[in-house]
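Letters A, B, C, D, E and F mark the chains in the order given here, with residues in each chain numbered from 1 onward.
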Amino acid sequence: MDAKKLMDYKVDEAMDLFVLLKNADARVAKNGKRFLSITFEDESGEISGMYWDASDADVASFVAGKVVKLTGKRELYQGKAQIKIQSIRLATDNEPNDPSYFVPHAPEKRKDIKEEIEAFLFDITEPTWNRIVRNLLQRHAESFYTYPAAKTNHHAYAGGLSFHTLSILRLAKSVVGEYPGINAPLLYAGAILHDIGKTTELSGPVSTQYTTTGNLIGHISLIDGEIVSACDELKLDSQGDAVVLLRHMVLSHHGLFEYGSPVEPHMLEAEILHRLDELDASIMMIQGTLKNTPNGQFSERIFGLDNRKFYKE
Amino acid sequence: MDAKKLMDYKVDEAMDLFVLLKNADARVAKNGKRFLSITFEDESGEISGMYWDASDADVASFVAGKVVKLTGKRELYQGKAQIKIQSIRLATDNEPNDPSYFVPHAPEKRKDIKEEIEAFLFDITEPTWNRIVRNLLQRHAESFYTYPAAKTNHHAYAGGLSFHTLSILRLAKSVVGEYPGINAPLLYAGAILHDIGKTTELSGPVSTQYTTTGNLIGHISLIDGEIVSACDELKLDSQGDAVVLLRHMVLSHHGLFEYGSPVEPHMLEAEILHRLDELDASIMMIQGTLKNTPNGQFSERIFGLDNRKFYKE
Amino acid sequence: MDAKKLMDYKVDEAMDLFVLLKNADARVAKNGKRFLSITFEDESGEISGMYWDASDADVASFVAGKVVKLTGKRELYQGKAQIKIQSIRLATDNEPNDPSYFVPHAPEKRKDIKEEIEAFLFDITEPTWNRIVRNLLQRHAESFYTYPAAKTNHHAYAGGLSFHTLSILRLAKSVVGEYPGINAPLLYAGAILHDIGKTTELSGPVSTQYTTTGNLIGHISLIDGEIVSACDELKLDSQGDAVVLLRHMVLSHHGLFEYGSPVEPHMLEAEILHRLDELDASIMMIQGTLKNTPNGQFSERIFGLDNRKFYKE
Amino acid sequence: MDAKKLMDYKVDEAMDLFVLLKNADARVAKNGKRFLSITFEDESGEISGMYWDASDADVASFVAGKVVKLTGKRELYQGKAQIKIQSIRLATDNEPNDPSYFVPHAPEKRKDIKEEIEAFLFDITEPTWNRIVRNLLQRHAESFYTYPAAKTNHHAYAGGLSFHTLSILRLAKSVVGEYPGINAPLLYAGAILHDIGKTTELSGPVSTQYTTTGNLIGHISLIDGEIVSACDELKLDSQGDAVVLLRHMVLSHHGLFEYGSPVEPHMLEAEILHRLDELDASIMMIQGTLKNTPNGQFSERIFGLDNRKFYKE
Amino acid sequence: MDAKKLMDYKVDEAMDLFVLLKNADARVAKNGKRFLSITFEDESGEISGMYWDASDADVASFVAGKVVKLTGKRELYQGKAQIKIQSIRLATDNEPNDPSYFVPHAPEKRKDIKEEIEAFLFDITEPTWNRIVRNLLQRHAESFYTYPAAKTNHHAYAGGLSFHTLSILRLAKSVVGEYPGINAPLLYAGAILHDIGKTTELSGPVSTQYTTTGNLIGHISLIDGEIVSACDELKLDSQGDAVVLLRHMVLSHHGLFEYGSPVEPHMLEAEILHRLDELDASIMMIQGTLKNTPNGQFSERIFGLDNRKFYKE
Amino acid sequence: MDAKKLMDYKVDEAMDLFVLLKNADARVAKNGKRFLSITFEDESGEISGMYWDASDADVASFVAGKVVKLTGKRELYQGKAQIKIQSIRLATDNEPNDPSYFVPHAPEKRKDIKEEIEAFLFDITEPTWNRIVRNLLQRHAESFYTYPAAKTNHHAYAGGLSFHTLSILRLAKSVVGEYPGINAPLLYAGAILHDIGKTTELSGPVSTQYTTTGNLIGHISLIDGEIVSACDELKLDSQGDAVVLLRHMVLSHHGLFEYGSPVEPHMLEAEILHRLDELDASIMMIQGTLKNTPNGQFSERIFGLDNRKFYKE
């Protein structure tokens, strides 16, 4: 076994490594025997393969979220990479078996992201907003820095939620510097909180799914409800003037009713937050897609950007 | 002075009665003198008139929401009814001066509406929903039965909010009786709460306006936040299973993102609540408009119904 | 052979029963031999299976709409139920071979539906409407009570057309009882006629398809044309006042141009009919889909409801 | 009195002529006296004026649709032409008093239009279509050649309906000549019938309004119903093959559901009819608007063409 | 070998002919061997087939755009025609090997199309437009008469671009003849130039693809840029009055922003060009689709016509 | 006369100053005499007033774009500020009479804006783009720094075009600094050129109107055409690789077809330019509107932002 990552292997090269089972669906073949259709994943990307003649025990063991030791070979099938599996077994306690180690991560370190975000707290000079933001960062101290920002699309990797938040804060700082008259504390407080509801809407960084609560309430109303709850705990009036402004920031950040905001932006800072959110997401989606696009060609179409394809110089 | 209502007077008939100032705007005439453009209102309807040569004291006294003693004459101007004002003065404490007495009211008695709505509480057999509904009815014990359901459009009269709620409950009961398998407690709980946020979104039954909080948060997120707050008070988990279903009912009741719901209906009961809400509102808007339409003609266009006009047989 | 229905058999259980061929498509396998891809159906539901090595005679005999004696076994293939066919043969005249017996039916008895609908005729007190409705019910005496209301979606079963009509009439009666001032005879007459054009638009209860006439004219204009034709027969003026109102009811019942109505509702009763039509259809679609959804999960997406999925408690 | 038309008079020139009252609204002036706000019209165009101090008899006599003898003067008021009225009186039986003489007319003679349209009947070689078209042209022998094609917009003049029909037939003939394989009889039959329902939808060539029947049924369903009625009279099956194709032509001629067609075009000839209908209407709207536009400038915006304005070279 | 075309062979008939490789994709079969999935094409249409066990040399030789000698047999697979390939080899220099010979062609001769288009130059009597049109026809003397008008959809065959242009010119001539007051030179000049940018947007008549330049600029801006460039060459002001009108014609010919026009039509002639462009394209799309539709049935849905299907009598 | 600006005067205060005539419309009063309805403007804002009994000479002299000496008084009329004019006369050559001096200006100095924009040229390291940008800045050396960016809405003041351009460049620099992998030279070149076509689309900084060329071609195609023209002058291929990318930047900068871009962004840099353009415009529109909004209230609705109103804290 070697230190190679999943995507480092070439066609016909023998593979021997630890990888995560991102998906593992049990099916029945035409001959009546069961097999597993598996997607393997590590930080470098993902590839699929078939595990034939799966026993009941195999079906029970090899489920999404488990780390396995894989031997096999990389092959081409109908123009796509796939793995011909020789053997798989679960990683033991003495081996690397922490799933979170195998999912892609934000491009900066969790500790650095956390420090830089928390530095913005000093610029949130309005006490009500400052207390609410601190309270909610506390509640989600762990998940905020480990969750992705989405199931697919942009920032769909461990730590993506906080990295997306930080990217917006950095843009916000530039805007505050360029245009006089912006309420910076409000903009920063709204930016930090705007997507925290995703820690409830999504299931976590590994094999990310929408939760039932996420589907029925949505991250926008979830964070709005949490602000109310924080106010109750901090003995603040959840319909008081300052709180209403902050709630407006998070409620309106999708910009349009059609995108799920129950109110559209009616403050300068809300408009800016909405636009910076979209700007950062767009850049991430395009750069993520162009990574897999050869020079001089167009990428696949990006669903989140009106199904447009992008040209790579 | 007599017991006639505002709309009972005929053209050229002398008027002498107490009425409410619905609006009173101070303007400057071409000759440089100030005058007040006033809209008078009582239960029977509303008519406008000009109060010429208004003194500073007049401008300060005669403001929207005050009851006045009016003498004058009903006239026709460019085909429209108007009042030629002889005199107005504020009603004294010994005279009828309660503004709420002069605004239009729901067609049934507040006491009856209240009793019939509260009877539904016994059908909300799920304890979590029952406690939350009781808690919020308590909080808004006064305003829920006095507020209108809208600034204009349907149910725009004192008590309109609770009467609209009751009308939906009655329809809901018919639907529950006709179709097996509906979760009646959830449907009734959602119906009672769905518009209570309007007690914060609107300013009240007299001279109804949208509040700043209403504009920045909206009645859907307001009631969702109040459910969270009620949970905090009742020591319930605001993201627990039963509460999530109830929150979904109120969050989705506008049916479409475009109409301000942050989630669309994803439960049978949520779909039914949304459709009954629209059905009741449509009937009210059409009947309200047809009241002023001659037989054999089409009404004015109704903005809330795609600008359609309706034929009166 | 036993009295079990199609869906009563378990995996690996031997089957021996009469069923309907809902579809039977002849195809050529990779080895060059023909086979039939069959969907079997009875009241309990439907399952598919392959009939290998089909002779010319097989292809000619086993066509959609025939009842067959089937022996075989229920199996699982790629997570879906399917039938491994041992033998099929056409049902003889001495055996159950009436296809209409094998298609799903409305949840109430045809006789009861008919009686309850006809009882409403006594409430259609306007003579012109009454005569037209009776004339058209007469014309479609058979098909109105046997046709489905749709090819797929809601009420897509034998008798669905009349059951859908009755469900709307029941709702309409509740609305008439709750709101004063509704023209009940017009509402009931419109409700009974609104979808009768489907007896021409659709091919019938077995293997339902759109007819060419249905595709080129549509059930809305078909019923409008039939009202004209009934007027010609009854010596009524098809552009007379009462007839115009009834025609408006059926022409506008889809509510929006986008849904195929050549006029939008311009009468209170037309608006109500449209909304009750949608309400009943929505409940049927959701309940039909939830029947196959496990508790605590979301259903498949429903095309007719903006592709939304619904949560089953 | 002279032979000048309404628009021939210059500013400050004394006027003395017979004209039509297109509109005449009674109003009350600030001084309490009634006056009539009148729009005068003849073939050359229309101008407005005020008739002060109108007696009860005046209000009763001077109504829309009457021809009057007018003396007065053309003036400019706020940049617009208006008439200062000296006197008006009704035209007597010995004077020109036929209103239809004073409305704008189609640019070709009624007799020529009729002959050219009827010549197309010989190209409708399918007997069913031929009989239906002849039957309906017979029914509307008078109105088809005198009605406008619209209340405003394109062809809003006496004879506009038949002239619009003829223009489409001419275009259709070119298309049939250029593209092989078009069913010319079907295209011509559909073209002749497509707008005949407007003889019921509109009130007539003078002071054109939508009728109640027009508003509740619409000209598309009206003509479809008349085809059914013609079939009943001619003992043809109104759901027979040939009739279904013809009905499809008229039902689909607005092209899109949004424009009021209950079915969209599903035949080559239906698609062509729809497009030629729009092409002719567009040219008429633009040319009508450009007539009043100075060279080198943009016209007013045209509502029927997405509110676009057009440049006049 | 015989003179039969690809589509002339019946099922099970042996084939021996020269055909074009329209597509040839190399894939790997389940057994690990490579095969080519090929689409053959000649003027009569196209059929697919599999070429098993392809060597490296085969994959390198048999690429899209090559003419091959094919022997094999026509078969049916899953209801669709396919070719069982016995052998293929590249056509030699002594054999028919010009790919352009095998692609479908316009239904009229290139020489005739060219002559008829160039005859219109004499009707472009405005000298600026005449010089620009001649200059650009010169630049694209070859490609204009060989390119298709689209990758798929209408006129997707060699010469389709010029044939589509000619069809519009013919319609334009009819319109000019029927309606007085149209600027014929402007309409004809715009019609000739409107789609010439496709000679850069598309790759050519064989295996037509969008070019990178086509994707990034689009044929509308390409031809607008070429008009500027022609002006520079001819020493004309590219923002002069006459040029601005011509540029408006080509820029607005898609009619709506949504269809890629940067300005909507603001001249009568631009509106006409847009509508004739759509009319010709619609007829071509429908007739092309109906060619493969049996009588009495509906065609496949046509994407370019709102996904409608068309009935073939 | 004093140094006060137009908006510095209080109600009833006598005025004596030089101002610009922004608009001056001649009308006829009810008494038949002509008057001028004038809008006065200087850097501080604008107010209207009536100039009664205007002679022919007055109408000829006092036209939009002239500077006048005004004496009068500020008054209130129907709640709005207006000027009671005592006298106006044209400013002489010895007095301040340069209109451009009286229109609002960008908030930074023209010289500074120019220097900062030109500094970006050094970062456009790709020689083709650099040469084209320099060539076009040269062509519009004067107008680029004096024109507004719009007729109304954002940056509708002298120098607004270049200030808007600079604001985008500043934002672009921040984005380039935050996200690795952006082609900065392309982004800067696109940003500088994107709106230069407005120097032809608009009439200039005083009494700004759309030109005929602007209406028929639009600033997007105008600048695209100018790039082609610059290439012709610089002997560059206007369809060469580098030029195509630059043309794509300016063609796609409105982001959506609906907003007038003939292609949507298909490059990362094009997407960023589009979003920064909208971000800067939004901030300018909101801040401009909030300037006239009292604290604690909502602004007027902003047309360019979906008719939303904005709250001022």
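Simple rule for what comes next: contacts are C-beta pairs under 8 Å (C-beta built on N, C-alpha and C of every residue); 3 or more make two chains touch, one makes a residue touch a chain.
These numbers were taken from a predicted model, which means no experiment stands behind them.
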Chains contacting each of chain A and chain B, listed by label: C, F
Comparison of A-E and C-D (more C-beta pairs in contact): C-D
Interface composition of copies chain D and chain F: same or different, split at half: different
Mean-CA-position distance for chain E and chain D (Å): 42
For chain B paired with chain E, centre-to-centre distance based on mean C-alpha positions, whole Å: 62
Residues of chain C whose C-beta touches two or more other chains: 212, 215-216, 245, 266-267, 298, 311
Contacting chain pairs - touch in the sense defined above: A-B, A-C, A-E, A-F, B-C, B-D, B-F, C-D, C-E, D-E, D-F, E-F
Touching residues on chain C, where the partner in the complex is chain A: 75-79, 296, 298, 311
Interface residues, chain A side, partner chain F - complex: 167, 170-171, 174-175, 178-179, 181, 183, 245, 256, 264-268, 271-272, 275-276, 278-279, 282-283, 286-287, 290, 298, 305-306, 308-311, 313
Complex contact set, residues of chain E against chain A: 25-28, 30, 32, 212, 215-216
In the complex, chain D residues that touch chain C: 200, 212-213, 215-218, 220-222, 224-229, 232-233, 238-239, 244-245, 247-248, 251, 257-263, 266-267
